[in-house]
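Worksheet for the structure shown next.
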Amino acid sequence: MRTTRRTVLKVIAGAGVAAATRPLFSYGATGGPPLKIGILAPRSGVAGTVGECGLRAALWAKDRANASGGILGRQVEFVVEEETNPKDTIQRLNKLVLQDKVDCVQGIVSSGVSLAMGPAAEDMKALTLFWDGTTQDGTEESMPHARYVFKSTDNECEAVMASLLAIKYWRGKFGTVAGVNPDYTYGRNNWAAFQALLKRFGVEHKVVAELWPKVGGLDLSSHVAALKAAKPDLVFSSMLFADLPIFMKQAHAAGLFETTKFAFPAAGWQHTALKNDFTPEGMIFGHNTLYFAYPNASPLQREFVKHYWDAYKDYPNWEAERAFFAFAAYKTAVEKAAKVKGGSFPDKEAIIDTLEGIEVESLGGKARYRKDHVADQIFYQGFTVHDPKYDFAILGNVEVRSAEKLQKPSGMTFKDWIANGHIEV
Amino acid sequence: MRTGTSRSERLDPFSLVISFLDILLGGVFHAAVLFLVAAGLQLVFGVQKIINLACGSFYALGAYTGISAVTWALAHGLPRGLFLFALIGAGLGLAVVGPPVEALLRTVYRRDEAFQLLLTFALVLIIEDVLRMIWGANPQELGNLYMHYGTVGKGALTVPAYNLLVIAAALLVAVGLGLFLKRTRFGRLLRATAEDRETSATLGVEVGRVYTVVFTLGTVLGTLGGALVVPTAAASLDMSVDLVVEAFAVVVIGGLGSIRGAVVGALAVGLMRAFAVSFMPEMEMLSIYLVVIAVLILRPAGLFGKAAA
Amino acid sequence: MKAAVWVGLGALAALAAAPLVLEPYPLTLLLQFFAYGLALLGLNLLFGYTGLLSFGQALFVALGAYSAAVCTRKLGWHSFELVLGVAVVVAVVVAVPIGLLCVRYVSIFFGMLTLAFGMLFHSFLFKFYLVTGGDGGMLVERPSLFGMRFAEMDKTMFLTRPFYWYALGLLAVGTVVMWRIVHSPFGLHLSAIRENARKAEYLGVEVRRLRLIAFVIASAFAAVGGTLLGVRTGLADPELAYWTHSGNLIFMTLLGGFSNFAGPLVGAGVFIFLQDSLMSFTQYWRLVLGVVLVVIVVLFPRGLVGLAQSLVARLLRRRRDAHAHRNA
Amino acid sequence: MPTLIETHDVSKSYGNFRALSGVTLAVATDEFVSIVGHNGAGKTTLVNVLTGLLRPTSGTVTFKGLDVAGVGPVRLARLGMARAFQLVHIFPGLTVRQTLATAVVSQTGKAFHLLASLDGDAQVRSQVEVVARLFGFEQLDLEARSLSQGAKKLLDVASAFALRPEVILLDEPTSGVSTADKHQIMRVLVDAAKEFGVRAIIQIEHDMDLVSEYSDRVIAMHQGQVLADRTPAEFFGDRELVATVVGKRRARE
């Protein structure tokens, strides 16, 4: 996955826009100064790949919108800043809101950063749409009733779905269980969700190893050795950064895959790096809200995947869908709010009211924001197969579930929902 | 070690010994990786009394160049089995980086250690962005190429042959470096300069040239190490900053300036991490810093270093 | 000495007037400058005046931020005076044992030992997720200043008005206190230790005890800076304690010039505004900062203030020569 | 006449080399003691033991009745014992005023005055000026590194005197200085001792003229032992003793 070296902005100019087939929505052009959207995405380190994929999708969505007259006739401009650690990213948020005076902020991938950004954006009354990064206890604690911040689906959705699939297809086939989850908020919450669901559905199990590799660590030989010693029947791992392919290589070399079943709820971020020669078939594999090779994908998804391959000779992961949804939701909300007010550009409060409960056609199909500002999209997971068309593992049968069935309804805590909420395997 | 109950054979001593050996081997592999990073740092400090914070950056440079060299070589018809030589070529080729960097450091030899330390800190910042410019922000890796050499052993104790090769390379470097310093004329020259820069200069030792060679050798140890290890892992921008801390722990435990100390330090850190991961996951990195602090307090010179404070 | 006082007062007046003139964003940068200014005053007491290069000063900056988080979030104490007191006490309690161990060593070993302690705290913050919130860090709620909560103000207004002046006041007080310390008999003994610790011992200077006191003072200043950072960001996260953050602190001190009292303050200001503008200008801002550091270390070891002083001196000399030439 | 410094059967060995063996001596008030002997005779080791820098392998060292074996220079400086070195020890970056003030601050116990202004302290200022005047330093704001070698040596000695010690140990204070200046410096030392109430001076010296002219007592060291402890007249009278201690040529003159 060779990326062009020129700065990302130049790439946009070069790539240009696929012929604008059908303009999304065309309303009376009200014209006016360009609409500025601030994008906060990681461009280095472990999450660099993911941030880039999201940015490319956002740019595609922007160019499509601009080609058909922008939003209410105003051309959209991006101000792109780098998401790094919480302290510096809040500094960039300040710059976007106070100096660049952007109309909306979209982005954020890491859960740690989102927990810090949420309260900061609320305080600054900055309309912010998160791509990713909101975990369970984080949101309950930091953004109980957000007004200006719209959160992604709960980060545990993929873990819940993977757990449900494991229970549905492998109940009775595993006794001992091991966890290898990245050592940060996201990893800890996913592992907790998996164990809670096993308890909820009365699956008798014993935890034989609980490992916490450092995020982005490059040497996992000790972790693989520990797993081999523990001899688990099932390994649940929400690893999702560059350390995942390394773990797979070293686990394959150690012969772990012959005896043990694996569930990877978030492997989608690294799907092109999980080559067939070290990724076995029959593993539970999560693609989150975008599976690029979904047989009956929407025309929109097909057009995007084709554009992505033509422009970058690569296949997108789910971050693209998250970025597209944030942009599409904002665009649709602004246009809807304008219609109610007779065509003039709506103010922030009006946009927010329209965003609450909005439903748009995103890359992964129907996607909407609930009244409590939590996103609700469609999740894709399945069992890996080797397909001659690709040198990396893709999905055999694909299970599709809406986030409604995978995350707590508004007003309920995560623990109550898992213990006695309505969940079907 | 928490043993499961439902599978009977897990309790018998044979499999306990096997998994112990397996963890041990994982630890030794990690120790080999650490030694390759620390050896360069140790050599440069031993002779020039400079702590090179950029040792991790040279290692990362070796890793990235290694990947490009292999990709290029395979594309130009090099048989898959010979990818190792492309790696070694890349690692050694980067010796070219040594002299210019040493020339830069030379401008501050006379001054306080703080200046040398900060100059290498500047190199960390510079090299990270140079890597970003050339290879982009995303981690690069060579897929499963290293499995081309297959695995060794059977059953629970199977290990990739390439891992053993890395361990062997580290041993080779350790022994080679030891012999070089003790046996060869230039080696003795280095140790003399290390002992006392002024008197060596008065005895006609061309100190400038010695420093250039030593720093370049230290650089090559880093870049070669990076290239050799990359097939089993990946090259990412953060490795240059993360590795510094572990290499630093190895050098402190082993004793500043002593190659033998680096070997022992690497084994200590490697094994500690391997067993901590299996038994006390929470304490993994914490345990290493505690040992570093304990060593710095009880034996400031480290296990093999010369008196320092 | 007179000139320095006038320059100081002039800067203070300008900074005090800034909120009335500048846009909110540069004001948040100035807030960061106040926080780092305090931390660097402490660091330079150790580095510039006592000759000890600490590579773990970020430990105490993080400690200050986390104290603010624990006080406001976990314990519900919102009085900022109380938070500052707790931060200083916590810093001193942590600094004394670490100082006792570290001051026995010098140069490279002092640097390495302090770096090791910094990383120990970083991995503690990261690992003990349940206690510290791991990588997500801990939120810092808005404190009350002298009992006033300014609830009617949104965060930006609060940060760029009342909190801004409060922080400026803290920096001014910190500067005056550090100026007195550096020009006191205690300060002279620290400089003697820097110049020649063995000779100082023979003149009855209690080297270890004074180094420990300097270490503790430096950690208290860093903790106060840390609380300001914590409140400004609204969060304390483990990255604050990472070793490269300590490296940046030393970078700023050197950029300004460590052999001059005001050097670190200048260094903090220039670094913050330089990094901020670079980050928006190019993706390769680390490269530019690295090159700036090389230029400073190799060509201008006495930093920007040192450079300015030598330029002014040369200017005066040229004018005096010209004057003398005309009369001759 | 109370003894100031007393050593009893002190020996010091490095591995199997015995630098000092069985040294017993006492120095009382108003004595100017010269220690003479070849290089390696143990002179410097003896002074290092007396100034608490080295802990003797065996035997006791007392200063004003207190056991000070290996107690370290800081404590001894506080107790009133100062020392200047053969190799010049100065604070390169500090000015003459600051160097002398360092000693005065220690002596007046103001080291822990964190917020008091140094420049505004009249007591420190006056004591510094007294020492400076006595040792002939006019420009007090010159940095030590910019002084001549002789001036640096003088500053080193002056800073020891600024401690107002009761006993002062000097290690060839006039080495590397022209013979004309030697006597001039010795006179300054003696005056300063009187001015600051220094009760005893112990000086390692090679220049026999100075030894004979200024000291009231000569301790001759040879291979780690005290060969003789006599008045200058007795010492120079015994030709054979001078030969072993100082060397043939000098003995003949």
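We call the chains A, B, C and D, going by the order they appear; numbering starts again at 1 in every chain.
Just so we're on the same page, a contact is a pair of C-beta atoms (placed from the backbone, for glycine too) under 8 Å apart; a residue touches a chain by one contact, two chains touch by 3 or more.
Here the structure is a predicted model, which means the values were calculated and not measured.
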Contact-graph separation of subunit A and subunit B, given in steps at minimum: 1
Most distant chain from subunit C by Cα centroid: D
Mean-CA-position distance for subunit C and subunit B (Å): 34
Subunit A and subunit C: spacing of chain centres that average the CA atoms, whole Å: 39
Length of the line joining the C-alpha centres of subunit B and subunit D, rounded to whole Å: 52
Approximate Å spacing (C-alpha centroids) for the pair subunit A, subunit D: 77
Residue list for subunit C, restricted to those that touch at least two other chains: 127, 283
Junction residues of subunit A, two or more chains touched: 43, 212
Two or more partner chains touched - positions in subunit D: none
Interchain contacts, given as pairs of chains that touch: A-B, A-C, B-C, C-D
Partner subunit C, residues of subunit D touching it in the complex: 51, 72-74, 77-78, 82-83, 89-94, 98, 101-103, 105-107, 110-119, 121, 124, 156, 159-160, 162-163
Complex contacts: residues of subunit C adjacent to subunit B: 47, 53, 55, 101, 104-109, 111-113, 115-117, 119-120, 123-124, 127-128, 243-244, 247, 250-251, 254, 283-287, 289-291, 293-294, 297-298, 301
Partner subunit C, residues of subunit A touching it in the complex: 7-8, 43, 81-82, 85-88, 90-92, 94-95, 98-99, 110-112, 115-116, 119-120, 123-125, 135, 138, 141-142, 183-185, 188, 212, 215
Complex contacts: residues of subunit C adjacent to subunit A: 23-25, 28, 32, 126-127, 129, 133-137, 139, 154-156, 229, 233-235, 237, 239-240, 276, 279-280, 282-283
Subunit D-touching residues of subunit C, taken from the complex the two chains share: 177, 180-181, 183-189, 191-192, 194-196, 198-207, 210, 213
